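Letters A, B, C and D mark the chains as written, and numbering starts fresh at 1 in each.
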Amino acid sequence: MPNRLPEPPQSAWKQRAYRVIFESDTRAGRNFDAALLIAIVLSVVAVMLESVQSISARYGTFLRAVEWFFTGLFLLEYLMRLLVVRRPLTYAFSLLGIIDFLSIVPTLASLLMFGSRYLIVIRTLRLLRVFRIFKLGQFVGEGEFIVTALKASRFKILVFLAAVLTLVTVIGTLMYVVEGGQHGFSSIPKSIYWAIVTVTTVGYGDISPVTILGQTLASVLMIMGYAIIAVPTGIVSAQMAGATKAASVIPPYKQVVCHVCQAPDHKPEAEYCWRCGEKL
Amino acid sequence: MPNRLPEPPQSAWKQRAYRVIFESDTRAGRNFDAALLIAIVLSVVAVMLESVQSISARYGTFLRAVEWFFTGLFLLEYLMRLLVVRRPLTYAFSLLGIIDFLSIVPTLASLLMFGSRYLIVIRTLRLLRVFRIFKLGQFVGEGEFIVTALKASRFKILVFLAAVLTLVTVIGTLMYVVEGGQHGFSSIPKSIYWAIVTVTTVGYGDISPVTILGQTLASVLMIMGYAIIAVPTGIVSAQMAGATKAASVIPPYKQVVCHVCQAPDHKPEAEYCWRCGEKL
Amino acid sequence: MPNRLPEPPQSAWKQRAYRVIFESDTRAGRNFDAALLIAIVLSVVAVMLESVQSISARYGTFLRAVEWFFTGLFLLEYLMRLLVVRRPLTYAFSLLGIIDFLSIVPTLASLLMFGSRYLIVIRTLRLLRVFRIFKLGQFVGEGEFIVTALKASRFKILVFLAAVLTLVTVIGTLMYVVEGGQHGFSSIPKSIYWAIVTVTTVGYGDISPVTILGQTLASVLMIMGYAIIAVPTGIVSAQMAGATKAASVIPPYKQVVCHVCQAPDHKPEAEYCWRCGEKL
Amino acid sequence: MPNRLPEPPQSAWKQRAYRVIFESDTRAGRNFDAALLIAIVLSVVAVMLESVQSISARYGTFLRAVEWFFTGLFLLEYLMRLLVVRRPLTYAFSLLGIIDFLSIVPTLASLLMFGSRYLIVIRTLRLLRVFRIFKLGQFVGEGEFIVTALKASRFKILVFLAAVLTLVTVIGTLMYVVEGGQHGFSSIPKSIYWAIVTVTTVGYGDISPVTILGQTLASVLMIMGYAIIAVPTGIVSAQMAGATKAASVIPPYKQVVCHVCQAPDHKPEAEYCWRCGEKL
C-alpha cells in the first residue's frame, strides 16, 4: 500500500475537506475513515448475503437497495476525492485511486452484464485502509517485516515455483498416459490440475488414481511433495531468523511509530508522540 | 491458566479444607486433585459413549446415571469451593471459577433444552488443572516457552491472518462468479468456505471446481497456499530459535521448578526442593 | 535400536557362528546379514502380493509356499541365535530378540487364527538391521541427530499434543451438537475423529459439515490448524538450528564413525579405520 | 544442469554455427535460444491442448500438424548440434544431449505405439535451458543455494524417508487387517497407498476407514504425520539458516554473476561486466 498521498489543494474549504477525507491525523479525519470502513464492510456483507438463495428470496430487494445506497455513497466519496485533491489525475491513477474506482464500477456494470456485480468484492481490498487508520506502529512494523522477508526470498521462491511447475507438468502428463485418460484424468491439463492438488497436499479426491501404476506414481509425488513443502518454509524461516537477529541490533525505539502522524524514532519510555502529541 | 488463587479463609476447618481443595502442596491436596481429574475424565467419557447410538441403546440408563452422579459431585465441589474460599465472588468470577461453573450447568440445563448437555465437554477444559497438579517444572517451562513464542509473534500472526482472510474472500467470490453458482459453489459464503478449505490444504472435496477456469484459479490458490503456509511457520521458527538462544544464556537451574511448591532456582545437581523437601 | 549385543559364547565353533550371525565386522558376517535382509524383503513382498486378490488367485499356493519357506528359515535362524549366544535369555528379551521372535510367530499363529499372519509385517522392523550392516557413519550420525533433536523437543511436543487433543475434543463435540448428529457426525468420538482429520489438514471428506454454523466452525478450526502446524515445526527447526550450531563447534572428525567396528573420532583425512583397518 | 559444454569444432562456419547454437554470449546465440524456448513451449502446449477432447475434435489435425512441424524442427536442430560440435558422441551422451534426443523420439515412436507421444512432455525439461539464456546471476545463485541446502541435508532426509516408509508399511498392513479387506482397503499395497495419502496429509478420501478401530488407528497416524512433517522442514530450515549465515560472511559481490559470460566477483557498484562489458 503506497503511502505517497497526492498534493493538498489550495482553497481553504478544500484544504479542510482534504484533511478529513485523505488524512487521518485529525479527529474528524479518523472518524471519516472509520465510517468508511464500516460502510465497506456492510456493503460487502450485503452482497455476500444476497448470493445465498434462501436469504435472497426473502430480503433480496432490501439487500439490493443497501448495495445501491452504498455504491451511491462511494461514488459521491470518489467524486469528492477527485474534487478536493490538487492533482486529480495523480490520485485517479494511484493504486488507492484505482481500487476506489474499481469498487464502484461493478454495481453500475451489473445493469449491463449479469454476474459482474459480484466483482464488488474488490471493495474488500479497500479494507486495507484499516492499516492507514489504526496505524498501530506494531502492526505496520510487523507487516513490513513479513513483506521484507518475502521480498528477500523472492528469487529463491521463484526458482522453487519453476521447479514445482516443471515437476507437476511432467508427472501430470505421465499420469494421463498411465491412467489411460480415465478415472478423471481426461486430459493433460486436468491431470496437471490433479498433480497440483496432490503436491500441495490439498487432495480433494475429485480425481484420484485407480490403477496400481497410477497409485505408485501418486505415492512418489506425495512423498516428494513432503520434502518439497520443506523448501519454502526453510527459505522463509531462515530469512526471518536472519531478519530477527538484524532487527535486535537496531535500537528498540525504531519499532514504535506514531499511529496518527507516523513519526518514527520515539524513545522507549515515550508515552506521547514527539511530533503530534498523540498518545502512543 | 491464571495461578492467582483467592485469599485463604479464616476459621480452622475452612483453612484445612481450603488447603485440600485449592492447593496441591500437601498429600491430601494432591490426592483430591488427582481424584478430581479421574472424575472429570470419567464423566467426559460417559457423555462421549452415550452419544454413540449402539452403546446408548444398551447402556444409556447407566451412562446417564453416571453423568448425573458426577454432576452432583461437581456441584458439591463447587459449593464447597465457594464456602471455604475467603472471597467467594472473586473465585466465582475468576477464569477457573467460571470454567468450574460452566462444567456443571449443561447437565442441569439439559432438563430444559435438548442438546445443551453435550456442552459439558467444557469439562475437558478442567483437565488443564492437570498442569497444576503434576506441575513438573519441565512441562510448565515448555508450555510457557510455546506461549511466549506465540505471544511475541501475535502481531505478525494477526497481520498474516488478515491477509489470508482478504485473499480467501476475494478468491471465494471470484470462484462463485466463475463456477456460476453451481458445483457446490452455491453462494459467496460457501465459496469462501471452499477457499479456506483449499488454502489451508485440508481439501475435503465436498466442493471442488469443475470448469477449466475454476480449476485454474484453484491451482493458483493452492500454489499460493503453498507459499503462504511458510509464513506462520517461519514466524514461529524464527521466534523460537531466538528464544532458545536467549534461554541458553540464562543459567540452567532456572528451568527446574518444584512440582509441589513451585520454588524455582534449584541447583542443577539438586535432587530435592530447597523449600519443601519434595523429590524434584 | 540398541547396539548392546549379548556376550559371546565359549566353544570355538559357537564363537565362529556367533561372529557370522551376530556381528558384521567380517566378510562372512556381512554376507550373512545381507542375505538375511534380502530374505526379509522377499518374505514381506510375498505376503503383500498375496493380499492382492488377482495375484492371490493365480499364484496363491506359490506365495504361501514362499512365506512358509522363509518362516522356516527365520525359525532356524532364531534357534541358531539362541544356541550360539552365551546368554540366550538376555538375547530373547532384548529388543532385537523380541522383534526376531515376533516376526516368526504370525505365520505359525495363522494356522489357528485367520488374519494374524498379516502381522508378519512386523518383519519390516527387522529391516532396521540395515543400519547395522551398512553402518555408514554418515547415516548413523544423521539418524542420531534427528533422534536427539526430537528427544530434546519431547516435552514441548507433549505439551503441544495435549493442547491439540483438548482443542479437538471440544470442537469435535461442538460439531456434534451443531450438525445435530447428522451428515456423518453421528457420535462424539466420530466428530472428534473428524476434528483430527481437519486440524491435521488431511481432510478426507468422508465427513464434512453441511450446515452454515458447522462450516463456520470448521473454517475456524482450519485456520487454527494453520497456525498450529507452525508450532511443532518451529520447535524442531529451532532445536535443529541450535544443534547444527553446536555441532559446528565440535571438531568435524567426531561425525565419521567406522561402518564396521563403529570406532569414532577418526581424523578428517583418515581413509581407513584406526581400529579395524576397514576402508571408511 | 551441467554447464560443461562440448569442445568447439574446427572449420570457420562450424565455429560460427557452434557459437549460435551452443553458446549464448552473442546476440545471435541468445536470439537462437529464445526462439528455441518459444518453440518448446508452443509444442508442449499443442500436445496438451490435443489431449483435451473438445479441442481435439475441432483442431486435432492442426495441432498434430503443429506437433510434427516442431518435431521436425527439433530433429533438424539436433542433427545440427551433432554436426557442428567437435565431439558429437560427448554431446550425444551428455545430460543435455540425452534430453534433446528424448524430446524428439516420442512423436516418432507414436507412429508405432499409441500413447508414447505424450512422453514428449520430456520436452518441458528442455525449458531448464531458460536458466542458461537469462542467466541472471541472482537466479543461478538462488537455485544453487537451494540445491546446496538440499544436498547437505540428503542423508538426514534419506534416514527420515526410510523411517516414514517403514511406518507406512506397518500401519498400512495393520489397517488392512483391522478393516478386514473392506472399505477400499482391499490389499496390503492399497492400504500402504492409503497410509501414504494420510501421513502426507493429502487425504483424497477415495479410501477412508469406517470401523472405530480403523478410525482410531488413522487418528494416531495423522497426529504422528503432524509431528513428522516438522522433521524435514526443521532439517532444511536449519540448513538454510546456517547457509545464510555463512553466505553473509562472504563479500556481497560474490553473488552477482554476469548473465552473458558468467564472470563472477563484480564490485557491488558495477553496472557492466568487467569481462564482456554486458549490462549486468
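Worth pointing out:
As a convention for this text, a residue touches a chain if its C-beta (ideal position, glycine included) is under 8 Å from a C-beta of that chain, and two chains touch if they have at least 3 such contacts.
In this text, all values refer to a predicted model and were calculated from it rather than measured experimentally.
Between subunit A and subunit D, the least number of touching-chain steps is 1.
Looking at which positions face the partner, subunit C and subunit D present mostly different ones, since fewer than half of the interface numbers are shared.
Seen as a C-alpha superposition, subunit A sits on subunit B after a turn of 90°, to the nearest 5. Look at where the CA atoms of subunit C average out and do the same for subunit D: the two points lie 31 Å apart. Each chain gets a centre from the mean of its Cα atoms; for subunit B and subunit D, those two points are 44 Å apart. Annotation for subunit D: residues touching 2 or more other chains are 189-190, 201-205, 229, 233, 235, 237, 239, 241.
Contact topology of the protein chains: fully connected, every pair of chains touching.
Chain contact summary for the complex, subunit D toward subunit B: residues 201-205, 233, 237, 241.
Those residues of subunit D that touch subunit A in the shared complex are 44, 47-48, 51-53, 115, 118-119, 121-122, 124-125, 127-128, 138-139, 141-143, 145-146, 149-150, 157, 161, 164, 189-190, 193, 196-197, 200-206, 229, 232-233, 235-237, 239-241, 243-245, 248. Taken together, the subunit A residues at the contact with subunit D in this complex read 155-156, 158-160, 166, 169-170, 173-174, 176-177, 180-181, 186-190, 192, 198, 201-205, 208, 212, 215-216, 218-219, 222-223, 225-227, 229-231, 233-235, 237-239, 241-242.
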